[in-house]
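So, here come the structures, one by one.
In the two complexes below, subunit A is the common chain; its partner is subunit B in one and subunit C in the other.
What follows is the complex of A and B.
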């Protein structure tokens, strides 16, 4: 009798366990299927969103050249089709990776990449992640990060050691490949350290081709002291429709002050030339410092040479003073409506010379942009990529998308 | 003998119960899976439809096109698991005067599975508010531009 009872107890237990195991396995299989469907849906959403961003100019369509708030988010150049992006709209995106800078009661976004180049746009006239999410209709549903990265990397290195002559090497590479035999067009900007009150510069241009490893040593600049003089080199590389740009800026180590260009208005194309000491929070303690500056604008011509455009306005050159009651610590200038590069040359009271560059149009100096949230720690992030151009320069647009509602949401 | 009777009295109902419990469990799990899958598919279609409408709008909204009509073939299924769905265009609340927001709601004609998306368009965009389209009768998105508005609709037919 006892053995029959034990048999029944065992069989009942096994039966219950079998039921639970069945439910467990079955549920797990279903959950795996659901997860697959969700990932698939997220991929489609990423593709749709990326096309929505890259193939529409946004609302209004010229928001990149306006100080008004946006109604729709899109980066396409309103005058062109396909994956050709506006040069100006990406400049209004608030970087998610670089800290802002503070000047005169306003925070400025920071898209700067590399020494001697600046790109700061005021937060109040920029587009932040939250606004973009809202106008795209994904606020509270999806998180995203949009990256615009130059497809071609043009790396410039100074290979001469000290003094004259000055020589550079240029290495050109794509994303995972070398750019062999690509055409190179370079422009060397050398400040005329001739004692004039507002320093000017001269441009020396040339063309060459990279070797099979994507490298080239540029001809030496025999009369240039690579240490004590201030200069910049801008190099364009192009091959079969792929275009890239790189730059190099050098100022003497003895130069202790610089100027910082800050975008004041996209609509009026006005730039503030600010004294370095007045930028930051809090600004440097006042100790009188004067800088004489001279501004000009260069645009890229069809044959990849730079054409200088004189900024015909009273503030195109002058003096900015920090720490003195009389002088202004900034000057405002207006740039043309073309893509180009603003060049500010300057010297201090001890005749130390320097220069800074600021792209007007993101592609002019191939600055990258990373915009949006942080995908770290998300359950599942899907990525989609498109090849685009910004101001003629080849970029890779990458969208990372994730569901911020998690994966526990069920049918409504 | 009494013990055996009691044990059978326990086992028999349990075994009978499993006849119902087993398929019931399978049904509940399967229903959950099917509903979630349908909901996901409906959301995917809603998002894709919204993206297509937005791209069509921005294509025809160029200054170079003054008046005219533009169509785009819909790349969405007409049914999900042989169940059709409705597509409803509604005006969504718009905090900004410079844009119009189109709410697209998809409703599967089975189990009331609903998915929606919103599309931000320019102020010249227009559509029939609360217009309902059946998935088996639409195959084209149509945008007709006049000097003042761009009328958006879903129509049948072939391209």
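What follows is the complex of A and C.
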């Protein structure tokens, strides 16, 4: 009788232990399955969200050209359909990767694709991550990061060593492969250093084709000193629907001051041309500095040449002064409602010349933008990609999405 | 002891169950759990490749060799450049077959891998040959019902006013070209006798009078047949009264293309006196001023005639299309300027006085005035439409496309695109994408 009781106790103990062990085994499998299911749902959500952003112009549909708050987040060009994005709406996205600049009580975003080209949009008139999350209805549930990256990289390199002639090489590549045999259209902007009070520039254009390795050496500019003169080169590359743009800006090393274009209003298309020393927090200590500037606007034509648009307004050229009681340290100009490139040429009192470029419309100079939160440290980040165009330039839109409601990571 | 053995059996069973479950519960690798949506990536890639119609050009290329300078060579380079490095592709073109057998015929294919890896997806994209023109077939207004006649006043024996720079005949021809595809019958009324004939209830060539549309291309003037000029010589405003009555009788839509409707009556054979001009050097007409539209509306509303010269319009300045009108611009492919200037917008007060309702606003109203609209006359208490008026109170000179657009917007006939799948005109491009690498 006693042995039966012992047998009963031992068997019951073994049975309970075995049950607990197997519950552990099964629950681990189930947890893994549930986690996979959630990740799969997250992937579907990412795809839906990305399409929602790219196939809707947002509310109001012209928010990219307005200073008002948004009611809905979307980047599609309101005048077109499919994956064709507005040139202006992405300009209003607060970059999550670049530090802002400060000017006159306002912080500005700081987008660039290299020296000499800047896009500074005021934070107070831009769209930030939390606002976008809120209007998309994912605030508190999902985090995201949206990247718009040009599909085509047009890399321009100065290959002449010193003095004249000036020569460039151009390398064109896509995200997956180099772009061999692609058409190239280039425009060389050379400042006329002729002593004019407000410096102008001349445009030299040409076309060529990349070789099988996606490279080409442009014809030399024989009368241009590559070091002492100020110039810019804008290169468009296109092949079978893929279009890219790159730029190169050079100013003499002796030039110590520059101008900074800052967007004042998207709605009025007004740009502040500010003196470099007045930008920053705090600004440079006052020491009088004058810059004579001249502004113009260029748009890209259908044959990939640049057409100059005169800015017929009193402030299109003038002088900005920093550190003096009488002069203004900025000037305000208005640009047309086309997307294009604002070109500001300038010179200082010692006749040192320079120029800066500012895209009006993100695609005009193929600026990349990264918008949203930081996926680093998140449990599981899912990614989706679409091919889009911004102002006719090919981009890849990538959305990284993660869940911030705190479910457990995959247990393997 | 036996219970312990039994428990061991239970453990064996549970272990077997766990092993069996683990065997059948095959969880996918992480890259398959949360993949890139290759279908959408494929579709957007095809759209991009065809953004300048280069993909369409390559799909119809007779030379399918993939060389550096060939169309397919360009497609291959662009595909490889635009896709992420770990994505492999297979692009295939099929011809659309409208005959017996297979629906699609294989044409050409390019790929950068022998297989498409562990996961793949595809999308299709239809491309059209560049040397094919697609036509549309419009639905006929009045088709299958009693109506569908468009009368365009093209009388050679009358003069127009506020059509400066044009003649009524040239405007009539433009309207004919624009609108005749949408009507069962389009009749050019060539002279005043023909106008008198239809006013007397006789068709000109067997067309249906009932529910017809009459467009007066003479601007602020209206041709008056000699018989009516004689009959109404003491008060020419009685003629628009008659027009209103006929509009009501036959349920016509009377269209005034510009300015003040029915402001003059014109007959170059009848008004031949030295004073028979409009005061601006155009002879062969008599001014009846505001009495014209008031008389027309009296006739339309079956009111007793009373010569009423009171003004019913206002100059409201720049006016804009309604959103519905803009939508119809796109639908019918007619694009007059959406901003126009209106100096003869009709007052809202007319609606109550003459039992009118606005059937379609071509322009956005300005205050109490309508720069351009189609009015229905609705008999009080019945709900039946008995005549309509299209009044465009725009300043000279007229853009007859606005008249055409107004009528199309009101009747909104459908347009049917031609077949897209005719052999040789369309091809299907299938882009299949896969992720490189094993599981």
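Rule of thumb we're sticking to: the second predicted complex is superposed on the first by the 392 of 412 C-alpha atoms of A that agree within 3 Å, B and C clash if a C-alpha of one lies under 4 Å from a C-alpha of the other, contacts with A are read in each partner's own complex, and residues count from 1 in each chain.
Throughout what follows, a residue touches a chain if its C-beta (ideal position, glycine included) is under 8 Å from a C-beta of that chain, and two chains touch if they have at least 3 such contacts.
Source: prediction; values computed, not measured.
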item	value
Partner chain in contact with A:136 - subunit B first, subunit C second, else both or neither	first
Which of subunit B and subunit C A:382 touches, first, second, both or neither	second
Subunit B versus subunit C as contact partner of A:202, first or second or both or neither	neither
Most subunit A residues touched (candidates subunit B, subunit C)	C
Touching partner for A:223 - first (subunit B), second (subunit C), both, neither	neither
Partner chain(s) touched by A:15 [first = subunit B, second = subunit C, both, neither]	both
Touching partner for A:71 - first (subunit B), second (subunit C), both, neither	first
First, second, both or neither for A:159, with subunit B first and subunit C second	neither
Touching partner for A:32 - first (subunit B), second (subunit C), both, neither	second
Partner chain in contact with A:49 - subunit B first, subunit C second, else both or neither	first
Footprint overlap on subunit A, comparing subunit B with subunit C	8, 11-12, 15, 19, 22, 26, 33, 40, 51, 410
Residues of subunit B that touch subunit A when the two form their complex	3-4, 7, 10-11, 14-15, 18, 21-22, 25-26, 29-30, 32-33, 35-41, 43-44, 47-48, 50-51, 54-55, 58, 61-62, 96, 98-99, 101, 111, 113-114, 117-122
Of all residues in subunit A, those that touch subunit C in their complex	3, 7-8, 10-12, 14-15, 18-19, 22, 25-26, 29, 32-33, 36, 39-40, 42-43, 47, 51, 82-83, 151-152, 173-182, 212, 238-242, 380, 382-389, 394, 396, 410
Touching residues (chain side subunit C, partner subunit A) in the complex	1-4, 6-8, 10-11, 14-15, 18, 21-22, 25, 27-28, 30, 33-37, 40-41, 44-45, 47-52, 54-55, 58, 68-69, 73-75, 77-78, 80-85, 87
Contact footprint of subunit B on subunit A as seen in their complex	1, 4-5, 8, 11-12, 15, 19, 22-23, 26-27, 30, 33-34, 37-38, 40-41, 44-45, 48-49, 51-52, 55-57, 59-61, 69, 71-74, 76, 78, 135-137, 410-412
